[in-house]
Every structure is written in C-alpha cells, then in structure tokens.
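Below you'll find the structures, each written out as structure tokens.
Common to both upcoming complexes is chain A, partnered first by chain B, then by chain C.
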Partner chain A sequence: MSNTAQGQILDFVRGRFPQAELDAAQDIFALGFVNSLFAMELVMFVEKTFGVTIPNDELRIDNFRTADSMAELVDRLARVAA
Partner chain B sequence: MTTSRVTDRRSAREFVDAHIVPHADAWDLDGRVPEDLIRKASEAGLWAPFLPEQYGGAGMDMVTLGEVHEEVGRGCSSVRSLLTVHTMLSWTVQRWATPAQREQWGPALASGAALGAFCLSEPGAGSDTSGITTTATQTDRGWVINGTKKWTTGGQRADVFLVFARTASSIGAFLVPRDTPGVRVRPIEEILGTRASMLAEITFADVEVEREALLGPSGFTAGMVLTGTLDLGRYSVAAGSVGIVQGCLEASAAYAAKREVGGKPLRDLPLIQAKLSDMVTDARAARLLLAEAGRLKDEGDSATLMATWIAKYFASTAAARHASEAVQIHGANGFTPDYPVARFYRDAKVMEIIEGSNEIQRMTIAGQADREKP
Partner chain C sequence: MALIGVIGAGVMGVGVAQNLAQTGHDVVLVDKDEQILKEALETIARNARMSRLMGGPALDADEILSRITTSVGVGGAAEAEVVIENVTENWEVKRAVHEELDKVCGPDTVFVVNTSAIPITKMASITQRPDKVVGVHFMNPVPAKPACELIPGFHTSTETVERTRDLLKAMGKKAIDVKDACGFVSNRVLMLTVNEAAYLVHEGVATAESVDEVFRSCFGHPMGPLETADLIGVDTILYSVEVLYEHYADSKYRPCPLLKQMTDAGLHGRKSGRGFYTYN
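Our next item is the complex of A and B:
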C-alpha cells in the first residue's frame, strides 16, 4: 500500500487489472480496458479516498489519463476546498 | 385519513400489507396500478425518500432504501418497478442536474407530484446499449431528440422521461417532460409479468429541449450517468427480487401448514421441507448481499458497483427458482389468482431480463474472477 496519491491510484488500477503493467505516467486509456463501469469506479475511488468532490467540468479525460494527472487533480481540488 | 410515512423496513411492511398486498392480484389482472395507490405512496413519502430534506426527501440511506424496496417487491413487483424507474430518474437529477433543475424537479419528484421513467431500450437495442439509434442534435437553443424507446416501465403514467440518446461525442442523458411537443406515448399491454407496470413505447419526433436538458458531463465520463443510473436500478431490482423470494416463502409456509395430503400437512413432507429450507436460506443470503451493496453505496465505495451486480444476479435467479417451487408447493391452486404465487412466478422471470439480463450479469461478474479475494 502506497502513501502517495499516485501510488494509491496505481494500487487501485492494478487491483482492478492485475494483468496490466502500469506506472504513474502511463496512459491507462491507451491500454484499452477502460469502460464506463471502470470510469465510474475510478471516479468514486478518487472521491472517496481523497475526500474530494469532482465537479462536472473537471470530469475530463485529460484529468484521468494517468495516475500523475489524477494526483494533480486531487491536489488542485484539495487546494480549492482548503 | 392520511397514510403514515414510510421511514424504515417496519413502516414499509405496514404500508405494503395495508395498501398493496390486498390488491396486487387485481392490479395484475387489470394491467395497471391505480391512482389511489400512487397517491397513497406520495402521502407515505415512498417515491424518493433518499433525496435531501431541502427537496422534500428524507435523506434516507441506501441500506434502508433497499429494505423499503424489498418490502414493496414482496407485495407487488409492478409497484416496485414504478418505484425503481422513478428512483433512477430522481437520483440522476440529484446527482447530475444543475442547482436550478434540482430546485425545479426535486420537490415534485420527492412528493410524487411528478413521476419519472427511464428510456434506454429501443426496438432494436437492449443489452447492447451502444446500439441505440435515438439521436440528440445540438442547436443554437438546445437539443432536438429523434427516435423510439420501447419497454419504458411506467411510461404510460410518467410525467418526465430520462432519455438516453446519441450525441456527436457520446451517449447523453436528457430530461424530457412528457408534455413536450413531439412526444408520443403508446401503451404496451398484455405482458407476461409485472403486468401492472404500465409499459409504453415512446416516440420522440423533433422534440426540442433546452440546453440544460443534457445531464452530467460529456466525454469519457458521460457513460457514468448511465452506469450510475443503472447501478441504482439494479440495486432496486435486486431488492425487489429479495422481496419476491420472501413473498414466496411466506405464501408457501402458510399453504404448507394448511394443506393436507394423506392426513398430514404438506410441511411435514421432507421434499416440501427441502423447498422451504432453500427459500429461507436464499432469502437471507440475498438480503445480506443486498445490504452489503447498500452499505458500500452509503460509504461511496466503488466496490458497490460489482457488489450490486452480484446481489442482483443472486437475488433474481433465486426469485425465479423459488417462485417456480412456490407454484409447485401450491399444486393446482398455484395456477390461480387466488394465491399470489402465480403472479410471483411471472414477475420473477422479468427480474432475470431487466437491468442487465442474467447473461450480461454473468459476463460482468466473470470479469471479477481473477481479482476476487476475501
């Protein structure tokens, strides 16, 4: 279990797709397994784990492409909320 | 006399025993749920109790909502079906609509003054949702919707539809009031089960709606609206299926205690006991799966999605199995409207088809196989 946001996100994605080899900069959409069920799981995971609510206009593919970009989104939302 | 509020399983059971159970077979024969029941459900706050109090809801948690829908399903799957699609629309408005739309629709949805329905399936597309052909074209003023939706539960009665349509970039969810020009509703009659659920085919011919009628984000997360809506629908159908198993159990236990063969009540016969024991066991197992899915929803845990698939798969197949055995226990009487089991038998079959058929459930759950750990 990782402490960084990137690490936690990667752990989650790896847990869902044990066969995929992933790092924090990798485009998960390019791997071809993202469907609407997983997209929803991912958004719910990020919201619950980091205690943020992702507004509609932030639900953009670029924010979810990599573990790094999701971590940046979380960081930005946390700063807005603070 | 006003009806008392439904706030938990116990009050739901009282409501169902007083206002639904005595009439469910008559509604089934008649092919509709009467306005009187719709009004009583409104008085009881049954339509969307999970909405926040500011919109007239009661902020009910998902575990309790599941228990309430189970109780309704025990009484009448047609009423539960109306509740399911209304729940799906109300939740989607709550989750994805603008604050102004929530102000506009929330109180009416909570009170039942406006009933909602869910329009995804079409004559040519059911399981394969990517095959829908209804379109929404963007204009300067908003959207124009064209296409035909089929099998819309409650469509005959609903005041507002949640319509899924193809946009230039994805599949979007649109809120369409029934009285919008170009909306035509054609009743579908004489179906096998949930006969009183007032199904309709709905045609949208150049239906113009405002820009804000599109709910939720666009792009890759547009699918979340549908996924989330179906997840809640599946949860409600799972609950209704638990209710069917419980209904079968209660009817069968009562009948087996009373009916004698060879001077002995049926319930003393080992082969009948085997059926009853399986009903007791599966009712509990299905209820636990449902409660687990509900708890995960309340916690905002993404694991609720798979938990809900599993609960619905288990509960719907258990309902179909036990409804068949319940008719068996009743013998010829099980073929008549004098006992509820004939209705349970027909209604249970529907549960294996809607909100993801058995085959689709199994394909999705199989995806869990290589990551399933205790």
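Our next item is the complex of A and C:
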C-alpha cells in the first residue's frame, strides 16, 4: 500500500481493475472503466479514506479523471477544512 | 401528472422510481418492508448526487425525493394509472404480487412487468386484464440507460403498448420492440456469449484476460464478456443460462461446467471478491 493520497487512490482503482495497467495520470473515464457502480465506490472510498465530504459542485468528471486529479481534490478539500 | 406505482424497492425498483421522479412524474414506491423503503430513498438521494459524475444531468435530490411517496403493501398503488412491478425474478413471488395488484388497482391500470426472464403472456394470464399487461426489460442502472426492451404478451392491446411507449419516452428511454420469448433478445444473446466465453477458458483455448481483450480491442466493446459476468455475478449468469436451457430444451444453452464449479466454489465475481478476476 502506498502512503500518498495519489498512491492510495491508484491502489484502489488497480484493485478494481486488476487486468489493466494503470498509472496516476491515466484518464479512467476515457478508458471506459467508470460505470455508475464504480463511480459511487470511488467517491465513497475517497470520502472515507481521507475523511472529507465532497460538495455536490465538486462531483464533476474533471475531478475524478485520474488518480492525480483526485489527489488534488482531496488536497484542496483538506485545506478548506483546515 | 398521473401517479405511477413502482412495486419493489430493490436495485431495479429504486432505479425506475428515480428515473420517473427526475423526469417529473409523481411516484408511489411500494415494498413489503419499511426499512427497505427508507434505504431506497437514501439510495436515490445518493444516486442523484452522483448523476453529474456519470455524465448525467445535475440533479436536485430534494426535488426528486419530493415527488416520491412510499407505501408498505400494494394498497398504496390503488390510485396509480400505471404500475411498474420490479420484484424478485421468481415466478411465485411475481405471481402473488400481480394477483394482489389485480384486486387493488382500478380496471384501467396498466401493469408493466420489469423482467429479463419471465414470459409476459404467462404473467398476464393470472390477472383479469391480460390486455393491460406488458413487459419492459429495463437495464441497470435504469436512469443512465437510454433504451430498454418493450415486450407485449399474446393478449396485450395496442393501446397498452403505445401508452407504455409514451411513458418510456417521457422517462428518456427508447423502447425497442421485442416479442415475448424467454430471454427476449438481450439475455438470449448475452448469456450464450458469456457461456461460450467461459467454455473457451474451461477448454484452455484462451485466458479470461485474452477473451476480454479480443472484445475490447478488436470489437471496441467497453467491457469483455467475462468482466461483464463478474459484474453481473457468475451465479446469476449460471441461473440465467439454466433458465434458457430448461425453457427451450435446446442443448445449445447447456451451461459451461466451469460456471457451475465457480458458483459452487463461491467465485461469484465482484460481489464475492473473486470470479474470472480477483478484486481487492
């Protein structure tokens, strides 16, 4: 398991799609990996793991395209909360 | 706006209720269990929140929930113009629900049977209104899918079919006309494809990864058949293939032994953590 937010998110996505070779900059929406079930799991994973609540207006595809963009979102929300 | 009864608050019923409410319909969501109804409303609120992330419209969860009332027992659907029944895919369970609905609802109420397997003509035969019973095979997740199968039974009237088509259109769905035959189009083809893909792995012709890769890379499908099997549930796939086999008594539907063994071994796909692939 990785310790960085980006690494933890990437581990989670790789765990769900073990047959794919993914890196942190790859667009998982463009790869066709995200169905509604997985999107929900992803949001719940991010909220639970990092103790943040994602506001509705941040639930946009652009914030969830890559492990990098999700880590940025977590960072931004953590700063707002701090 | 006419009231629509949605019977059964499982995965499909919840999706149908949300889809109706977000397209401006008043809905009464019916189940036999108060707790299931409570959880259903929570799920709808959560799904509404997720809509934009799935490329759907921005939805106001409060507005959607304001259009949905709930009721324990089918009595709540007495005033509905149309009821959409989504209970478990089991003949005895569906039969009991339709018998009750037939007593409770007015004579003009249309009964929509949401099913991927149960013959519509058989379902209609236990009601006193076979001309007003029609099948719709919704796909999961309902609000996100642009089309569904529309299946008239033997006695279904043209008026019932067109009323249902109009309702589906108002829900944002294209209705694809299919005749009443076990498995309709979707499951006849999909289940055979998954079954044959399982045979390829069983016989050692290709790995699950290679089978899926052919479908993704060569055919441009977003998912291969064995990833799809893991998503649906390997046990559900086996059950569906067995239903086709029994119904048609045709050996082309014989279930792959690997599907049976995986089902017995608890390798049911994503929901059990392991199927054709392993999930964390």
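Quick note on the criterion: the second predicted complex is superposed on the first by the 82 of 82 C-alpha atoms of A that agree within 3 Å, B and C clash if a C-alpha of one lies under 4 Å from a C-alpha of the other, contacts with A are read in each partner's own complex, and residues count from 1 in each chain.
In the analysis below, a residue touches a chain if its C-beta (ideal position, glycine included) is under 8 Å from a C-beta of that chain, and two chains touch if they have at least 3 such contacts.
Quick caveat: nothing in here was measured; it's all calculated off a predicted structure.
**Q** Label the relationship between chain B and chain C on chain A in the superposed model as either fit or clash.
**A** clash
**Q** Should A:47 be classified as contacting the first partner (chain B), the second (chain C), both, or neither?
**A** First partner only, chain B.
**Q** If we overlay the two complexes on their shared chain A, which of chain B and chain C does A:78 touch? Say first, second, both or neither.
**A** neither
**Q** Counting only touches as set out at the top, which of chain B and chain C does A:32 meet: first, second, both, neither?
**A** second
**Q** Residues of chain A touched by chain B versus by chain C: which partner has the larger set?
**A** Of the two chains, more chain A residues are contacted by B.
**Q** Would you sort A:59 into first (chain B), second (chain C), both or neither based on which partner it touches?
**A** The answer is both, since A:59 touches chain B and chain C.
**Q** Just chain B (first), just chain C (second), both, or neither: which does A:18 touch?
**A** both
**Q** Running through the overlay: 75-83, 273-281 or 291-299 are the candidate stretches of chain B; which one clashes with chain C?
**A** Once both complexes are placed on chain A, chain B clashes with chain C in 75-83.
**Q** Share the list of chain A residues that count as touching for chain B in one structure and for chain C in the other.
**A** In the superposed arrangement, which is not itself an observed complex, chain A uses residues 15-16, 18-19, 34-37, 39-40, 43, 56, 59-61, 64 for both chain B and chain C.
**Q** In the complex formed with chain B, which residues of chain A make contact?
**A** Going through chain A, the ones touching chain B are 15-16, 18-19, 29, 34-37, 39-45, 47-48, 56-57, 59-61, 64.
**Q** Would you tell me which residues of chain A are touching chain C in their complex?
**A** Of all residues in chain A, those touching chain C are 11-12, 15-16, 18-19, 32, 34-37, 39-40, 43, 56, 59-61, 64.
**Q** Residue numbers of chain B touching chain A in their complex, please.
**A** Going through chain B, the ones touching chain A are 96, 216-217, 219-221, 223-224, 226-228, 231, 299-302, 304-305, 364, 370-371.
**Q** Could you pull out which chain C residues touch chain A in their complex?
**A** Within the complex, chain C touches chain A at residues 46-47, 49-50, 52-55, 141, 144, 208-209, 212, 222-223, 227, 231, 277-280.
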